[in-house]
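So that you can tell them apart, the chains are marked A, B, C and D in the order they are listed, and the count of residues begins at 1 in each.
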Amino acid sequence: MSGDTLVLDLVLAGLLVFLAWRLLTLSDLFKATVLFIVFGVLLSLAWVRLNAPDVALAEAAIGAGVTGALVLDALRRLDARGPADEAQPLRLNLPRLVGALLVMGLGAFLLWSVLSLPPGWRGLSSETAAAMPRSGVVNPVTASLLNFRGYDTLLEIAVLMLAVLGVWTLNAEPMPPAEPAGPILDVLVKALLPPMVVVAGYLLWAGGHAPGGAFQGAAVLAAGGILLHLARPFNVANRGVVRLVIGFGFAVFLLVGLTLATLGGRFLELPERHAGILILMIETAAMISIALTFVVLFVGNARDNAGRDTS
Amino acid sequence: MGPSEWLSMVMVSVGVFFFIAGSVGLIRLPDVLTRLHALTKADNVGLGFIVLGLSLQAGSLLELMKLLLLWPLALLASSCACYLVAEATLLQSRRGPGARRHVR
Amino acid sequence: MTPPIIYASAGAAVLCLGLFGFLAARHVLRRILALNVMGSGVFMMLVALAARTDPPDPIPHALVLTGIVVAVCVTALALALLTRMCRDEGSALLPEDRDIE
Amino acid sequence: MTEFMFLMAAAVLGSVALGLWRVVRGPTRADAMMAAQLVGSGGVAVLLLLSHAMGRAHLVDVALVVVLLAAMVSVAFVRRLGPVRGDDGTE
């Protein structure tokens, strides 16, 4: 590794730490949110440098994009009830000083454990490489998510559904008044939606052999939905169809697992011959559900365009 | 190194120069609209030069197509975003400096 | 000094900053941001330590992908709770923080 | 060539860091909204340069996603935190 690449890594890592510090200490929460979004984009550059392009895609789309839009939306709702900032967010008093010292101790311990790891340790990469031919796909991250660690991903989709249930139950977000979209915004939405759908489909298809997959594709698709909602607010009410689509991905995944179990295999243990097509099926269903889930998390449970309380 | 590599290195350097110019403009210029102008114009030109320089080195047709699709998308997105931010700034200033933004 | 060590150290620093912010901040929105920052620090350490071999270990990548998705769910739910609290009680601080000045 | 691309990527990253000074300093919210554009185009440039330097063509996909998502976040900024149209009777 030559010195030139190290310059980039040092600048990037330093910038990440600086952003984390500033976004927690700036008194204006709006600027903190801006820095949070910047932090997400730069973090995806760090994933690229660490040879984790799948994670980079997810971070850019979910960590920076969808989360950023969610926080901005919440900030507006808080703003309506007085200034959303603090004079001195992290001023040191005695309890905080003790906390800071403890956290610094934790940091020193982590640093020591990182530096003292044996250099030749290979983790689970050899085991994964040995199991890859039986997984049905070429991308080891997709194989791990959908095949080796199927349980985790199934429950992850369940967590997404639970979050939607929580947001619907809290009913916290009366929709803001629909502002007319200007002509330029209309042009932007019309021009960006088709590439977003194409890129989402491409990421889903590419997931088998290259970086990409259901979650990244879903986030790009959801970004399209959120963009549309920002320009022309629409309503995704808690209705039968919406619930059906949100549950679809989980249902398909569960059904595949149960069918395999009844056919004599074990739950979620994909047979070698059909693993590729099963993974694509599960991922397609999951992408549609997850995309709608993200949009619903953003839109909330607003039934009423006038901004009145709907509870 | 062949001439195409030299050419792409020159183009990438010009692109990076525009990026730096854009950031200097963002810091030095006196008001929001001029800063917006500096940022959007310089960054778009800079990205264009970098895309051109790298497309000379593209390994496959698919990669070349993706690169050439990327720049118009970035142009469109950032010029529309620039317009929207400028419009918001004008709306804000027309209401007067003391006017509190309120959300109904 | 290799890239994995640089990013793992930065990840430890980001984790600690996030943890301190989560413990010390009063505004709930900042606490939510801090929680996300802390999670990112954990992810940085995981992926950085996976990158010490070439090709990198894919299992931490899959774990971090799951983590990112769960983090956005948690954030959405926490923001909905915060907005509801703010609507019902008129403050974005937790009850025990409100009277301290 | 590879080293040159790494250096150029570092330079673009540095210029993004310079621009962030304005975001933190303000003074108006519009200055902070520019951050989405700044980090969008800068991030894409770094990704493209890294894609060439690290010899991984699929990083262009990441750049595409960053472009699309940065546009969405820019719109979210303006629509959620810009002034509400029609407040002053001019629209």
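Following the convention adopted for this analysis, a residue touches a chain if its C-beta (ideal position, glycine included) is under 8 Å from a C-beta of that chain, and two chains touch if they have at least 3 such contacts.
Quick caveat, the model's predicted, so the values are computed rather than measured.
Asks: With contacts defined as at the top, give the pair, A-C or A-D, that has more of them.
Replies: A-C
Asks: Could you work out how far the Cα centre of chain A sits from that of chain C, in whole Å?
Replies: Once rounded, the distance between the two centres reads 13 Å.
Asks: Nearest whole angstrom, what separates the Cα centre of chain A from the Cα centre of chain D?
Replies: Here chain A and chain D have centroids separated by 19 Å.
Asks: Per the centroid of Cα atoms for each chain, what is the distance between chain B and chain C, given in Å?
Replies: 30
Asks: Could you say which residues in chain B touch two or more other chains, in rising order?
Replies: Within chain B, the residues that touch at least two other chains are 69, 73, 77, 80-81, 84, 87, 102-104.
Asks: If I count partner chains per residue in chain D, which residues reach a count of at least 2?
Replies: Within chain D, residues 14, 33, 36, 40, 61, 64, 68, 70-71, 75, 77, 84-85, 91 contact more than one other chain.
Asks: By the touch rule stated above, which residues of chain C touch at least two different other chains?
Replies: Expected reply: no residues.
Asks: Kindly provide every pair of chains that touch.
Replies: Pairs satisfying the touch definition: A-B, A-C, A-D, B-D.
Asks: Over in the complex, which chain B residues touch chain A? Could you list them?
Replies: 69, 73, 76-77, 80-81, 83-84, 87, 102-104
Asks: Along chain A, where are the residues that touch chain B in the complex?
Replies: Of all residues in chain A, those touching chain B are 76, 79-80, 176-177, 182, 184-185, 187-188, 191-192, 195, 307.
Asks: Where on chain A is chain C touching in the complex?
Replies: Touch list, chain A to chain C: 1, 5-6, 9-10, 13-14, 16-17, 20-21, 23-24, 29, 32-33, 36, 39, 43, 46-47, 49-52, 54-55, 58-59, 62-63, 66-67, 70-71, 73-75, 77-78, 81, 84-86, 89-90, 96, 99-100, 103-104, 106-107, 110-111, 114-115, 117, 119, 121-125, 128, 140-141, 143-145, 148-149, 152-153, 156, 159-160, 162-163, 166-167, 170-173, 213, 215, 290, 294, 297-298, 300.
Asks: Using the touch rule from the top, collect the residues of chain B that touch chain D in their complex.
Replies: Those residues of chain B that touch chain D are 1, 5, 9, 12-13, 15-16, 19-20, 22-24, 26-27, 32, 35-36, 39-40, 43-44, 46-47, 50-51, 54, 57, 59-60, 63, 66-67, 69-70, 73-74, 77-78, 80-82, 84-89, 91-92, 94-95, 99, 101-104.
Asks: Mind listing the chain C positions that touch chain A in their complex?
Replies: Chain C residues touching chain A: 1-10, 12-21, 23-27, 29-30, 32-34, 36-37, 40-41, 43-45, 47-62, 64-66, 68-77, 79-84, 86-87, 90, 92.
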